[in-house]
Amino acid sequence: MERIIMAHGSGGRLSHQLVEEIFQKHLSNDFLNQMNDATYIPGSEKLAITTDSFVISPVFFRGGDIGKLAVCGTVNDLAVSGAQPRYLSLAVILEEGFLIEDLERIVMSIAETSRKAGVPIVCGDTKVVERGSADKIFINTTGIGSIQERWVGPQYIKPGDYVLISGTIGDHGISILADREGLEFETPVISDCAPLNHLIDSFYMPGVHCMRDPTRGGVGTTLNELARQAHVSILLEEEKLPLHPGVAGACGMLGLDPLYLANEGKVLVIASPEAVEGVLSQMRAHPLGKEATVIGRVAEDDPGFVLLKTPLGGKRIVGMLEGEHLPRIC
Amino acid sequence: MERIIMAHGSGGRLSHQLVEEIFQKHLSNDFLNQMNDATYIPGSEKLAITTDSFVISPVFFRGGDIGKLAVCGTVNDLAVSGAQPRYLSLAVILEEGFLIEDLERIVMSIAETSRKAGVPIVCGDTKVVERGSADKIFINTTGIGSIQERWVGPQYIKPGDYVLISGTIGDHGISILADREGLEFETPVISDCAPLNHLIDSFYMPGVHCMRDPTRGGVGTTLNELARQAHVSILLEEEKLPLHPGVAGACGMLGLDPLYLANEGKVLVIASPEAVEGVLSQMRAHPLGKEATVIGRVAEDDPGFVLLKTPLGGKRIVGMLEGEHLPRIC
Amino acid sequence: MCIAIPARVVSIDEMLAKVDMMGNERIVGTHLVPEVQVGDYVLVHAGFAIEIVDQQYAKETEELLIEEANAREEL
Amino acid sequence: MCIAIPARVVSIDEMLAKVDMMGNERIVGTHLVPEVQVGDYVLVHAGFAIEIVDQQYAKETEELLIEEANAREEL
Amino acid sequence: MLVKNYNSGQSVKEAAENYLREIRELAAVPYTVMEVCGTHTVAIAKNALRDLLPPQIRLVSGPGCPVCVTDGSDIDQFLYLAAQPNVITATFGDMIRVPGSKKSLQMLRGEGADIRIVYSTLDALDLARKNPDKEVVFLGVGFETTVPTVSVSIEQAQKEGIGNYSVLSMHKLVPPVLRALAEDEETEVDGFLDPGHACAIIGSEALAFMAEDYGMPGVVTGFEALDILEGLAMLLRQRAQGRSEIEIQYHKIVKPEGNPVAQALIHKIFEPVDAAFRGLGIIPQGGLGIRKEYEDWDAARKFDLPEFESIEIPGCRCGNVLKGQIAPTECPLFARKCTPLSPVGPCMVSSEGSCAAYYRYTQRSGM
Amino acid sequence: MLVKNYNSGQSVKEAAENYLREIRELAAVPYTVMEVCGTHTVAIAKNALRDLLPPQIRLVSGPGCPVCVTDGSDIDQFLYLAAQPNVITATFGDMIRVPGSKKSLQMLRGEGADIRIVYSTLDALDLARKNPDKEVVFLGVGFETTVPTVSVSIEQAQKEGIGNYSVLSMHKLVPPVLRALAEDEETEVDGFLDPGHACAIIGSEALAFMAEDYGMPGVVTGFEALDILEGLAMLLRQRAQGRSEIEIQYHKIVKPEGNPVAQALIHKIFEPVDAAFRGLGIIPQGGLGIRKEYEDWDAARKFDLPEFESIEIPGCRCGNVLKGQIAPTECPLFARKCTPLSPVGPCMVSSEGSCAAYYRYTQRSGM
């Protein structure tokens, strides 16, 4: 069959066939193959858990697809929490009429990304809804990670710490916009979507006080969250923000601010002055962190605020994203 | 604001407000309140994990709502696996225009059910999609359970074992159909939606070889899965299947078979001849198991098949649900 | 499949009747049995009452069903 | 907001031009600058080229941007 | 399921035992019974009656499943219609999986066609009211039981002036089919379990010709296990007593004269036409077309529908199954290439199809 | 962001330093500058220029954000129109959050209204082509920069005979607003940073009357930090040299005569009308209406729109802000009841609104 039909979601034979011929086929492992209501996994002393649904449109984009994104998003949330990502669950909601060929492409991408990250999918679920009741495909991944010793979190952030980012900002956001209907433009920008756990492993050391992946809401919103949670201010230097020229051009064209564009393969790191050099050189030694750079510092005054020093020396606030990040026109 | 608007899903301030004013407000606990990318949870030696998305229409139905269902579904999958449900993740996809009042009702129902089951929500996610890109609200819950010693699973099923069910079958399926658009009928049947972990605790003992919650696909499909996985046959007695008269009437009216109707508060148990009496009396002592009864036995011949003995003594196959369970007419 | 259990007519409004099948209620067309009255049992097919069930049979059938249901309840 | 970076016209097809902004390409209307030619830099507003940028300024601006971009790349 | 509940209880079992005893006594000589109606086929399988009957009683299925006898050319035609962009197709649920030469309704729905499952023709009419800028086509498939309900919808559409509703009539008639079977030399049937609900409409007298013209006895039978056993006993009694009549077992519903209101409704809107039956070929006056007076609601006239060829499905023996000449299990594709999940022939797709009933309820090793 | 990138690099910093030195030298006596254009407001805030300028330079915002000056009655009117069942509203993204007396477009969209964000009037026209059974209404908000692009869409609609497209014109004109400011006794401004892009269309000569009639100097300025610093320096130089002229800083784009093609397009479709400005009241000939010849594409004529009252928003001092009389922070609601997330006045909702720019870029303890 070419397309998803409602019967694929009935819980009956066709559902089974779909699971076996698409999901099992590509994701097979001893956990998933238990095929029980719940999957037994060996535990560890401390665990981290995270969940995210992925509703991205378009489903396939320059640099990835919703499946890759669903694995990276959750792996990265675990990794930035200082956890070793260990297990992922995978729950898919399919719209009637979705091409099974596309589904398989996505599942293969999930399989490949899960392999690359070294994090297996250990249980899953598939639902089908009528045409018009969903937008093609939604994916939820929930991740479990194990933690040895914990030293990252907003509470560890200290004034004087440095703020680092592992590379250019806004690439994912622009690549998605370019593929979106109604906003017709071509861009050379490719989504940065990638699993960051190995990169993070490479530089994770005492002195790394906090990490975040600046996804939806972008660097601006993520740093605002941290500034509030840690009761500090963060001062960015505009000149130091790494920006792909294509992102700069697209932002100019559409009136967008890269500080609020989503990233899916970048990690923000807050590190102590003692650790910053080591972290930076480790990051740059990794293929996903070549353009890593310090973009700012943590300070005490104006707690809860993110500030930005302009190239001419003025300072302004970088607020949270308010509502939709609409391309402005006029 | 009365309704979900796209800005609630932007990752910016309105998203934060929604999480705080609706989700945090009702679900607050030390885990969830960590508000990090991933939630740290204390681990145990053996873990079970399960995931399910809930896409039910209508969202509110006789006996429950999508929120209650989302908690019960996952708690039950863990409990029937012999695990103590410990933690739940909660990921919500909202359609633009969904009433915030309804969202809050659902979240409150999640909170109440989670309290009743004694299983906290430890992390969450919210996404908003454009009107027409989802059907009101979809919920994913992923559950983690801990296991002491494990003795349930299809591999433990033995010929001679008894098949028990904790109560009437098909109640959830009929109550949903009655509330569904296009199929206008009134029914006295109420969904059985309930968390089963405490019931299961009450009868869980060695000799309980396997448990399943016969949800989508119903008792018929669930037993087929078990018969295949355990390479046994299962012989049901039609007369012993507990049936609410309203379910019987509705099935007659719509040409449906209760063996394929979903249950959301019933557990199928396969127990050894030695254990069956004890299990049954424990079940019946619990409010959720009052109508528990033996419905069949496990046999060796015809492995992989589920058979049913009719009241007149004939035997027929109970197959898997093939495709959609469509109300037949003619 | 043609339904073989009797439905009792609960109320009639022009050509539409509300019928009851063991507590389940539904609206069916009475176009094919214009003579139907409240209290009659009808055979329902595809949303229409297609015939009025012989009184005696209908009662017996429903009593039997209710009896059986009660028996189950008491289990 | 009115956009202040110059876009280079890559091709023209009747009243529509493809313009390039640092590798990003887009179609804009040329109705307000009918005299525009391939290679010109234009100021784009709300999907239209509203004015042709003075040649000398435009070049300098883009060179500056590219230079800066290169500088970043080399970081 | 209900069928069974109704039949449970000690007294029912005793009654069944009595009928079975009588059947065993009267069936010293083998007896082949054809159940004409798909609902009978399913009831027999669900109640596992073959397990209980003596081997001399051979139960064969007839052409009474309306989905199964719908010709491939008709299926391709309604699939063509359903794929038109401005059309909403309203249909009973059973049609959704029926395979045409390339697709099925459920696959078309996956591709974006607007196909709605309805539970009554009045629901279909309602769709037309609610979607005035669309054409709502109801797929008219069924025997006399269903036809009057379709008549009502057309009558109502005319009354209300609903112009965007129409019916694609593929309706069939029971008496001509039975006549065709009676005249088919290959049919070897001793008696018929006649369809209870079709006869509720047309009356048992409408089948009198079977006994009178062809000497073929029949019993109009209900759908409980007990009804069927009684029906069988009544047929065997006729043989024992040397009678050949059309009797009524299903008294609580069926009258000799049927339902005259429903009959009038059929004849008001429809008229007999020659019709292609899958496996049986063209049966003269075997189907119903919409009368010229109601052509505005006749999808066949309203839309420019290409004629499709009635392609034989390679290997499918539906024709033989429908004439009771072979059991489904004798078809080489049965349970191999042809299963309910990917049915080759329509007898496997309809829940009332003989092949599906066999597969669902009896197909296992050693059965 | 880009604005900044372009300005970075050592040479830019040196140039900026030079302008700043000149400004400091020339600003011994205080000088109040009004930036008329919302884009200037944002550029000043984003580049934190207030941090760099000497305290004698007072920068005040003018009425140049088209969203901010749209009157409450107009907003309620387009919200009324957007809620009509058969209407698709096409709008630039900034309008989506603007609060009317009860709702906003984004809230209407939540209730099911069909509201589309477009990036060009040609996209709006395309919506009309693709939805022939709907009425597509483009919300015409903006100054002379935007108007010609709206003209093109109406011209095109006429050419192609697209009857289901129309524009609700709430367009405003720069010169009459500046005249109104000049004539307002409460306005205390020494010079204007004139809007670079509006002047690309109308030409700097269109503002000559400001210097000639009112003795108010202006510099048509670009949007980079450097442009703005140069514009300020040029204004101060005029004072130092005792001149009062309309000069052009933004040479790369703006010509004294503007863009005659665009001007012709404006006048072909539109004609000046009296217009209500939020906070400023009715400005004679301050807005643009669609000419009678194009009434088929004029939403105001095509739809039966009730008149709404222009209710004062209690406490909102937008009017004073728009006239440069108070800074946003002087409004008692600022950052308390009025924030970008739940804006009370339109100056807080538009990303170019003075209040929003203040809030976003400068509102923090100690700033």
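Per-chain numbering from 1; labels A, B, C, D, E and F assigned in written order.
The rule we apply is simple: contacts are C-beta pairs under 8 Å (C-beta built on N, C-alpha and C of every residue); 3 or more make two chains touch, one makes a residue touch a chain.
Since we're looking at a predicted model, the values are computed, not measured.
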Self-check item: Path length in the contact graph (chain B to chain D, fewest steps)
Solution: 2
Quiz item: What are the chains that chain A and chain D both touch?
Solution: F
Quiz item: What are the two chains with the top count of C-beta contact pairs?
Solution: A-B
Quiz item: In whole angstrom, how far does the Cα centroid of chain B sit from the Cα centroid of chain E?
Solution: 37
Quiz prompt | Centroid spacing, where centroids are CA-atom means, of chain D and chain E in whole angstrom | solution = 70
Exercise. Can you check how far apart chain A and chain E are, centre to centre, with Cα atoms defining each centre and the answer in Å?
Key: 56
Exercise. Round to the nearest whole Å and give the separation of the Cα centres of chain B and chain C.
Key: 33
Practice problem: Please list all residues of chain B that touch 2 or more other chains. | Solution: 6-7, 13-14, 243, 248-249, 252, 322-324, 328-330
Exercise. Hunt down the residues of chain C that sit against at least two other chains at once, touch-wise.
Key: 1-2, 4-5, 45-46, 65
Quiz prompt | Multi-partner residues of chain E (each touching 2 or more other chains) | solution = 2, 5, 8, 92, 97, 106, 119, 123, 142, 145-146, 340-341, 351-352
Quiz item: Which two-chain combinations qualify as touching?
Solution: A-B, A-D, A-E, A-F, B-C, B-E, B-F, C-E, D-F
Self-check item: chain B residues within the chain C interface of the complex
Solution: 178, 184-189, 242-243, 245-246, 248-250, 252-253, 255, 291, 293, 328-330
Quiz item: How about chain E: which of its residues touch chain A in the complex?
Solution: 97, 106-107, 109-112, 340-341
Self-check item: Touching residues (chain side chain A, partner chain E) in the complex
Solution: 1-7, 13-14, 17, 96-97, 131
Practice problem: Would you tell me which residues of chain B are touching chain A in their complex? | Solution: 6-7, 10-16, 35-55, 57, 76-78, 80-81, 83, 87, 89-93, 122-125, 127, 129-130, 132-135, 138, 140, 142-147, 150, 153-154, 212-213, 215-218, 221, 229, 260, 262, 320-325
Quiz prompt | chain D residues within the chain F interface of the complex | solution = 1-2, 4-5, 28-29, 31-34, 43, 45-48, 50-51, 53-54, 56-58, 61, 64-65, 67-68
